[in-house]
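What follows is a set of structures to go through.
Two complexes follow with chain A in common, the first pairing it with chain B and the second with chain C.
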Partner chain A sequence: MADINKKKIVLPLAPNEEFGSVKHLNTKKIKLPHGIPGHNLTEIEREVSADEPPALAVNDQLSVVGKRTKRIDAIYKVTGAAKYTSDIQLPGMLYGKFLRSPHPHAKIKSIDVSAAERHRGVHAVHILSVEPGGAVQRDNGHDAPAETYHVDKLPVLRYVGQPIAGVAAISDKVAREAVQLIKVEYETLPFVVDLDEAMKKGAPLVFEEKVEQQQTGGDVGGEAGAGQQGNLRGPSIGSFYGGPRGDVDQGFNESDIVVEGEFRTQVQTHCALETHGIVADWQTNMLTIYASTQSTKSVRNDLAELFDLPLSKVRVITEYMGGGFGAKFGAGHFGVMAVVLSKKSGHPVKLMLDRKEEQTTAGNRPNSQQMLKIGVKKDGTLQAIDLTSYGTAGIGLGAGVGRVAQDMYTCSNFRMAQYDVFTHAGPGAAFRAPGNVQGCFALEQLIDEIAEKLNLDPLAYRDKIDQSEIRKVERKKGAEKFGWKRKQPGSDSGVVKKGIGVAQGHWPRIIHVDSSATVRINKGGSVEIMSGVQDIGTGTKTILAQVVAEELGLKAEDITVKIGDTTYPDGPGSGGSVTAGSITPAARNAAYQAKMQLLGQVAGGWQVEIADLDMEKGEIFAKSDTSKRMSFVDATKKMRTNQIMATASRPDDYGGFEVGNAIGYDRLGSVQFAEVSVDTETGVIKVDRVVAAHSCGRPLNPLQIESQINGGVIMGVGYALYEDRIMDKETGYMVNANLDQYKLPYSKEIPHIENIIIEQYGAHSSTDASGIGEPANVATAAAIANAVYNAIGVRIYELPMTPDKVLAALQVI
Partner chain B sequence: MNRFEYIKAPSVGEAIKMMNSTVPEAIINANKGGAHIVKAAGVDLLDLIKEGVVSPDRVIDLRQIPGLDKLNFDQQNGLSFGPMVTIATLAENKEVYKNYRALHEATAHAATPQIRNMATMGGNLMQRPRCWYFRSEGHHCLKKGGDVCFAQKGQNQLHAIFDTQICPCVHPSSIATALVAFDAKVELSGPDGKRNLLLSEFFTLPEANVTCENNAQSKEIITNITLPVLKPGTRSFYIKQGQRESYDWSMGDVAVVLEMEGKQCKTARIVLGAAAPVPMRASKAEALLKGKTITEKLAAKAGELAVEGATPMEHNHYKIQLFKTLVKRSILAAV
Partner chain C sequence: MNNKSSNEEKKAVSRRSFLKGAGVTTASTVAMSAGLLSFKAPETAPKRPPVLGPGDTEVRLEVNGQQESVWVEPRTTLAEALRDHLHLTGTKVVCDRGSCSACTVWLNDKPVCSCMTLAVDAEGSKVTTVEGLADGDTLHPVQEAFIEYDAAMCGYCTPGMVMSCAGLLKRNANPNLDDVKAATSGNLCRCGTYPKVFEATLAAAKKM
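Up next is the complex of A and B:
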C-alpha cells in the first residue's frame, strides 16, 4: 500500500494505543476451508495458537451453525416478557425531561431555574454546560469530555434542540411542567443551517475556534488535528486503507474517457423503534445504568471517566434493545444528565428521548455534495479517480463519504479530499455503513456511465474492473435470480416506464479484539454463555447459542445466553458490523476450552486420551471404542466441581490483520439489483423488486441474515426515495421532526425482496463469521438510481429521488 | 400537553351551552385562556394539544351524544350522515361505493385503517392544516395570530399553488375534495338554531380570516352532512397522490363528478385538493367538458385548464404537472 498520509489515521471502534499482534507460547498448524463452495473452495493452512479449537467444517457438515434457527428470545419479545430500557421501572424512580434550545444560535444571558426547583414533585434541576456528542471547542476552557457536566458555565447554543437543562420529577408530566418554568434570557446570534450557505465567505461561524471530537463510528472525516477555516474543516485525504496513490493528473492525461458528476445526498435521521434513553441509579457503592445502547462498555467507560469512578463501580445493562443503527454509542447527553440528576436527587432517573428529540438531537447521517471524476482507458481500465466531498454533520464531525471510491475497484491513481462543514444543526453520528452509502450513490452511477460510454453491459464492465471473487459470484447468481436483461435507457414505452439497475457495495471487515465471553457448564447439564455484548435486535443471542451448541454437541435452545451486562466480560460494540465476527470466535473458543476441561475429567474416568473423546447429539463418546458413551447431562453430574468455566477473548485474525488490530483482509461485498417503475407524468418512482446478493463470511444463521438484508434494503429504499431532514433556513428548525412528515417507507413502499447469501470462507477465525448489518444497506440507493436511469434515460444526481426531481430531470417542469 | 378538564356532553344542546370557542379561536386567544372546545375522536385535537398549539381549559366530548353517528341513503333524499360517522363507515358502505364513487375512493384512501376506524367526519372537516410551521410550537405564524407566514420564504413544497399570497396552507381534508364535488351541505347547530350551507361556502379563504379555514361560529357544531341525489348517468372518480402509497397526506388530489348522457358529458364538477387553502373548483376545465365527448385529448386539455393561473411557490412547481395528470386520469377513470 502506498504511503499513508502524514497525520495519524484513527481506526474506528478500536483503542489507539494498544499492543500490536500477539505472540503465542505454542502454535499448531490447522487446515481450514477457504473460498466459496461451488466456485473456488479449497483448504488453507494457518498457524494458530495451540489452544485454538480445531477447524470448523463448511456449513453443510454442521448441525447447528449455518442452519435457519429461530431467535431464542422470540417468545419473550412477542409475549412482552422482554423488558427494554423504556420498560424499566425502579422503586422511587423519577422521570427526566430536557429544556432545549428554541434558537439555532444564541448565548444565554441569564437562566433562572428557581421556579422549576420549587415546583411540586421536582427533585432535581441541572444545567448542562457542554453537550457530549458534538464537536467540542478545545481552547475556550472546555477540555472535553471531563468538564461536560460542570454547573458553573452556561452553554453556547448552536442548534435548535440543544439541551440546556434537565429536570427530574415524580412523573413525566410534572417534569414537563417544570421545564416550562425555567426562565431563560437569550441573546440570539446569526446562524446557518444550509450546507452551501455555510461554505460561503462571511457565513455565520458555528465554532470560533478549532474543534475536535471523540470518534465513535466508522466515518471518514473528523480526524484529530485537521485544518479548519470558517465552517470548513479538513480535508481528510486518507482512510485506514491508506492515503493518495499514484499521480492522478497524469492518470487523467492518459485516459481516453473521462466522466464526472456532482452528486448530492440528504440528511437521514435515525428512527430506531426505541429512542435513545437511559435509566440511571446512583448508589454510593455502585452506579447502575439501564441503557438502550449499541455498546454497554462504551456507556460504562464514558460514565466512569466523566464521574471519576473506577470501571468496577459502573454497571451497564442492556438486556433487550429496540434497535440502533450507529447513533447509540457512549453515554450521550441524556445519559450524562440522567446520572447527574440521579446523583443530585438520590433517586433512580429515567430519561428517554421523545421522537422529536430523537430526530433533532440524537444523530443523523450527514448529507453530502460529491464531485467525482473518473478516467478510463478505451478498454475500460480505471486510470484515475478523484473525489472531493463536502458534507455537514451539523455541530459534529464525520461527514465523509467513506471509502468506496478509494477501495472498491483497483485504480493506481487515486486522490480524495473530504471536508466537514459545520452548520447550526444537530450532530451527525454513524449511520448504517457511514459514508459508504453516500459514496456508493456517486461511484456506482458513474461506473454505469462509463459502461455506457464503452458500450458495455453494467455487469460485464464490473466483471472487468472488479477484483473481488465474492462480488463476481454475487453478480452471476444475482443476475440469474433477477433475470438480468436490460433494455436501452428510456426505451420502455408507455407513461409508466420500467427499468432495471445494479450497484455494488463495499464494507470493510472490521474486528474488535476486545471481545470476550465466558462459557459455564453446570452440574446437571445446563450451559451458559456470558458476555457484555448486547443484542440490538440483530440476533446476537441466537448466534452465540448456536456456536456454543455446535461445539458442545447440543441444541441452540439448550444454551442460556446472558449478555448485555458489563458484569460479564466485555464484548464488542454492535457497530461497524463487527459483532458476529468478533464475539463468536471468543464464544466458540471459550466453549471449546470448557469442553476440554470436561473431557479431561471424563478421559480420566474412562482411562482414555482426551483427543479420543468427542461430543455429539448430547452425548460424549470415545472415537476408538464406541461402547464408551455417556450422555452430556450424566457426565456433568459427575463433575468434580459444580461448574466448569472458561473465558476467551477474540484472538487476532488467523493470518493477521491488514491494518492495525482491527481491519481484516477480505471485504464484505454485496451486489444489489433493482427494478423500478417511474410514472413520467407524476414523477413518482416505485421500487418493484430487489435482488440482494451478500456475503458475510460463514453464514451462521441464514434466517437472521435474511432479516438484516431485508432491513437494509428497506432502509435503502427510504433513503433513495423518501427520507429527508427538511431544515427551515429562516428559523433553523427541522420542520418535519416527526414520523408523519419525515417519510419512512411503510408497507406499500417495500419492494419484493429476494436474498442470496454467499457462503464464503476466509479462514480468519474459529468461526470465520462476519457481519451483515451495514453491507445490507450500502448499494440499494445506487441500484435504484441506476434503474431509474434505465427507465427514463436521464440521471437523477440527488437524493431523495422525489417527484419534483424526476419531473425536473425529464424537463417536464 | 396542558392540564384540562374533560366533560362528556349529554346532548347537542348541552354541548353548545358548554362550549365557548372553536379551536381556531382558542389558538389565537391563547393568552386569555379559558377555552372550552369540543372533541370528537380526538385524532387531530390531541396532536394539537400535545404539540402545544392549543391549550384548552375544558374539552367537551361529543362522541357519546346519541344519534350523531347515523348514516342514511335513499334514492329520494340522497346520502346523509351525522358528524360522528367514521371515515371507515363511509369507506365500507356499499351505497356510497355505488352512488358516490369519488367519496368512496376519497375515504378509502384517507389516513390509515386504524385512524379511519376512529376518525369522525365532523372532525375531519374541522381538522386544522398540516402546514409544518402552523404545527410547530416554535413558529408563531399568521394562522396562530402572529405576523409572519413562514411558508412564504420557507419550505413550501407541500403548500398551495393557488391563493398563496397570504397563507398558502392547503386544506388538510382530502375527503372534502370529493364532498365539494358532490355539492355536499353541512348542517351547523348553534344557540340560535340550525343553518345549512354548502360545504364550498362553509370553507373560507385566508382573505376572509387567515386564522380559520371555515366560518363556524364560537358556539356552533356540525350536526349533519348531506349529499344530494345524483342525476341518472352521473359517474365520478377520485385520485389522491401522496409522497408514499402507504398512508400519507395528499400532495394533490382530484375529484371528478360527470353527468353523462351516452358518451356526452352534460355537466362536470372538478375539484382540486391540496392545491389551494380550500378545495378548489376548476371551473374552466368543467366548462370545457360540457357538451363534449370525453376523449383522452380532451381530458388532457382539461388538465391544462385546471392549473391555468396557478402561482406556484419556490418548491412546489411540480404540483402543476401533478394536477394536470390527476385531472386527466380522474376524468378518464370516471367515464
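Up next is the complex of A and C:
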C-alpha cells in the first residue's frame, strides 16, 4: 500500500495510446435499416463480426423495444424503498465533515487539529493537500504536476469552500462541532472572482504556474499543454471535429452581409437533488464504496490509483442515484477524504456534501463571453464564421463553447479561439451538453438575425443552410405541431407581447467501447442482465430489460436488471449521452450469445439445426415444424447446467468511427420551438409552450425519452430565465448557495411541452440506439431568446433574461 | 411550505422560528431552573413547557400506523428522526431549509416539510411517510399513476412529490391542472418530471 500522501496525480499529458479499429476472425454481411421511416428509409449492408446478432427490424415490427414501457424500478421510487447513497447506513458507520476555506485566496500558515482529534466522538482527522477536481499546477517547464499529495505540504486555498481538512465522528453533528475546533492561521491573498476583472493586466493570479486537468465526462476546451498567460489559458482552436478551416478573412471579404454580436451566458450550478457523496468502507481485503456517481468505474479507477490498490480490490456500488447532470464523475475530494478517514478510523465513513457545499464546490457550467461573427452571401450561403470566447470554470478548465459553431452548419471558412479564464471560484464540471448549450445561445440568435436581414423565415433559412437530414424532418414536423407562422418582431400591441422562436441543437454521437454486460439464463426461466453501468434517472435499467427481453422473446418485466456495481463487467459512464448507444448493443449481443447456447441445447434435443429455432412470446419453436414448440421456462428446466451465461462488449460502430474510438458518424440533432409572453411593464418573461423535435437513433422507450426531453427543456427554461450563480466581488463568496435564492423553475414556471421523437436508423450497432440527455437541453435557451426578440423586437444578448435585462433592452430603465 | 394549512402553520414550530426564538427561550428556562425567578412566581402562573435537552429526550409518534418511540436530542428534526433513527429513508433531505419539499411527510394528515419540523414538536402526532402511503400491497392511486405516466426519473424528489400530490387529492378529489401546480409549487425536481407529475396526479384523481 502506497501512502496516499505520497501519490502523484497522473495527468493525461501523453496522447491516448489505445489500439485503433478491431479486426475480426470471421465476418458476415447483414442488411440493416438505414434512414428515417416515412422519409428516406432504406437498407444498408454492413460487414460485421460473425458473432453479431442478426439485424434488428425497425421498431414497428418489434414487440418490446420501441414500445412505451413502464420504468422497471419506478415502484421502488414511489414507495421510498429505493436506497440511494445518502440512505446507506452501515454498522459502526461514522460521518465525515469538511473544514473548508473561508477565504477566496490564502495560504495556510499553520493548522492545529489537536482539539478536533480530542473532541468526544471523533475517530479520525485528515488534512487534504490537493483537491482533485480542479486544475493542478505543473512544474515550470515540465509536464509533471508540482502539486502532489504530501502530508507535510499545506494546500494553497484558491476559492471559498475549498476543502482543507476532514473529520470523521459518530454523528454529523459531532463532526460539525469538531470541524469548528480546528484552528487555522491564514495568510490572505488578493483574489478575483469576476470574469472581466480576472482578464485584466495585473489581476491577482489564480495559478502562478502552468496547469493541467484531467477531463471527466465530455468537457471541452481544457486540452493538454495549452498556452497560459496571467489567468488566461488557451486558445483552444479546435475540437475532436478538427481545427480551423479555410481562410476566414477572405471569407468575410467575399460576404455580402456580416452580422456579429457579443453574447454572455452565466454560471449555472447543477443542483442535483442528491448531493455528491460517498460511503467508504475500508477493509483489509476490499475497499467497498457506495457512491452517488455517474460512473462507477471512474470512482473505482480513481481510488485504485490514488490508494495504489489493484482494480480488483475496489468495489463501487450505485444502486440508485439522485441526479448528476454531468458533475458526478470520479472519486472527488469527498471520496478521497472518506476513504482516508475510513482507513484511519477502521470504520465505514459516510461523507455527503451539504447543500451549500454542493452549490459552491461540486461543479458548475462555466460562464461565457462570446464574440461571434458570421458572413453570408446574398443568397444566404455561409461564407465565414469567427468565434472568440472567454469563460471561467473557476479553478478548473472546460469553458469552451465553439463546437456548435464549428460543426452545425456547413461553412468552409471557420476559426475559433476559446479561452479558459481562471477565477477564485469553485471548479466547473461537465454539465449537460457542455459548451453546446452556451454556444447555441449565440449561434442560433445570429442565424436568426441573418434570416431577418435576408427577409427569410427562420425555418426556411435553416432549410437552406443546414445539411442535416434529421433536422430537416424535425423542422417540418415541429413546425406542423407548433403551428409555426412567421410573425413580425414586436408586432403585438398591448402590454404583454407574445413571440415565437425556433432554434436548433447539435450533439455528437459518442460511444464508449468500454461497455460490457453479462446475460445469465437460470434454470426455471429467470433471466438476469448484469453490468457496472449505472442508472442516473435516465431509465438505463428499463432499456436494458427491454433489449434483453426482445432478444429472448420475453417481456421487460421478466428480466432482472443488476447494474451499478463494479463487481459486474464495466459499463460506460453516464455522461455525454453515451449510455444507451454504448451499453445496449453489448446487452443485446450478450443476450443473443446466451440465447444461442440455450438454442444449441434445444436443437440437440429436437435434432434440428440451431438456425431453425427462434424465441417469441415466451416460447421456443422450430420455424420449419411448428409442432416443435416449448415454453422458454420449460426449456430452461432441461438445461444441462444450472445457468447459461454470456458476456459481450460494445463492438466498434458497424461502419467504423468518424474520429478515434469514440466519435461516431451522424449527429444527435434537435429543433425546438418556443412561444413566450413578455410583460413590457414588468419585464417578466413567461415561456408558454415548447415543441421539441428530437432524434436519438432507434428510440428504445418513448415514454422515458419524453421524460428526458421534458427535463432538458425545463432545465433550458431555468438557464434562459432564472438560474445564475452570484459571486460577491468584495468577499469572494457565492451569495446564493441554496435552492431558493438560486432561482430554479418550479411547477408554475413549466411551459406546456410537446415532444416529437423521430426514428432514425444509422446501422451503427446491434441496437442502433443513441442517448437523448444532452440533445434535449441544447437548443432551449436559444429558442426562447429568439421568441423574446420576436415578441418585443429587441434582442437580449445575455443570460439569464431577467426582468431588468428586458426593461433595459426596451430602454424603460 | 405552501401546502401547509394555516392551522398547521400555527401548530408546527418551524426550525427557523425555533432558532430565532431560541435565545430568549433558553435564557428564561435557565433562569427558571436556577430558581432565580421562582420565589416571585405566583402559584397560578401558566404552566411552562418542560425543559428538554441538551441530551436525548423521548419522542413518541405514530408513524405509518405503528407506535414508535425515539430518543433524540431536541435539535433533531423530524426528517432526521425518521431517516436516522427509524430508518425510514424514503423521506429525502435536499435543501435542508424548506425550499424544495423533498422531505414532505404528513403530520396529522397534512403535508409538512419534515426538515423544518422538530421531532419534539411532532410528539404524540400521527406521521405518514411515503413508506406508509400504500395500503399493504395496494399502492396509492398516485403511486400507481406515477409509475404508469413515468413521473419518477432519478426518483429523489419523488417521495416528496408523491406526498404533496396524494395530499392534494385528500383535500380536493377533483383538482384541475392549476390545483396540481399549486400543490407541487414547493416541490423541486431537477430532472424535470413536472409534466408527467401533473398528468399522473390528474389521472389518479379520476381513478379515485
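Note that the second predicted complex is superposed on the first by the 786 of 813 C-alpha atoms of A that agree within 3 Å, B and C clash if a C-alpha of one lies under 4 Å from a C-alpha of the other, contacts with A are read in each partner's own complex, and residues count from 1 in each chain.
We take it that contacts are C-beta pairs under 8 Å (C-beta built on N, C-alpha and C of every residue); 3 or more make two chains touch, one makes a residue touch a chain.
All of these numbers come straight from a predicted model, not from anything done at the bench.
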So, does A:A460 touch the first partner chain B, the second partner chain C, both, or neither? neither
Inset, instruction - State whether A:A224 touches chain B only (first), chain C only (second), both chains, or neither. - result: neither
Larger residue footprint on chain A, choosing between chain B and chain C, goes to C
Practice prompt. Classify the contacts of A:A57 with the two partner chains as first (chain B alone), second (chain C alone), both, or neither.
Written response: neither
- Task: Figure out whether A:I714 sits in contact with chain B (first) or chain C (second), or with both, or with neither.
- Result: second
Original post:
Now for A:V22: first (chain B), second (chain C), both, or neither, which partner does it touch?
Top reply: neither
Discussion item. Under the stated touch criterion, which partner chain does A:M286 make contact with: chain B (first), chain C (second), both, or neither?
Written reply: neither
Quick check for you: in the superposed arrangement, does A:A611 touch first (chain B), second (chain C), both or neither? neither
Q) Between chain B (first) and chain C (second), which, if any, makes contact with A:K748: first, second, both or neither? A) both
Which holds for A:M321: it touches chain B only (first), chain C only (second), both, or neither? second
Dual-contact residues of chain A, meaning touching chain B and chain C, are 173, 740, 746-748
Residue positions on chain A within touch of chain B in the complex are 102, 160, 173, 176, 681-684, 686, 722, 726-731, 733, 735-736, 740-741, 743, 745-749, 802-804, 807-808, 812-813
Contacts from chain B onto chain A in the complex sit at residues 1, 130, 132-133, 136, 138-139, 150, 153-155, 157, 241, 243-249, 251, 315-318, 320-322, 324-326
Within the complex, chain A is touched by chain C residues 73, 75, 83-84, 87-97, 99-100, 102, 129-131, 133-134, 139, 143, 146-148, 150, 152-159, 162, 180-182, 184-198
In their shared complex, chain C is touched by residues of chain A numbered 70-71, 73-84, 86-87, 89, 173, 270-274, 320-323, 325, 354-355, 536-539, 703-704, 706-708, 710-715, 738-740, 744, 746-748, 750, 753
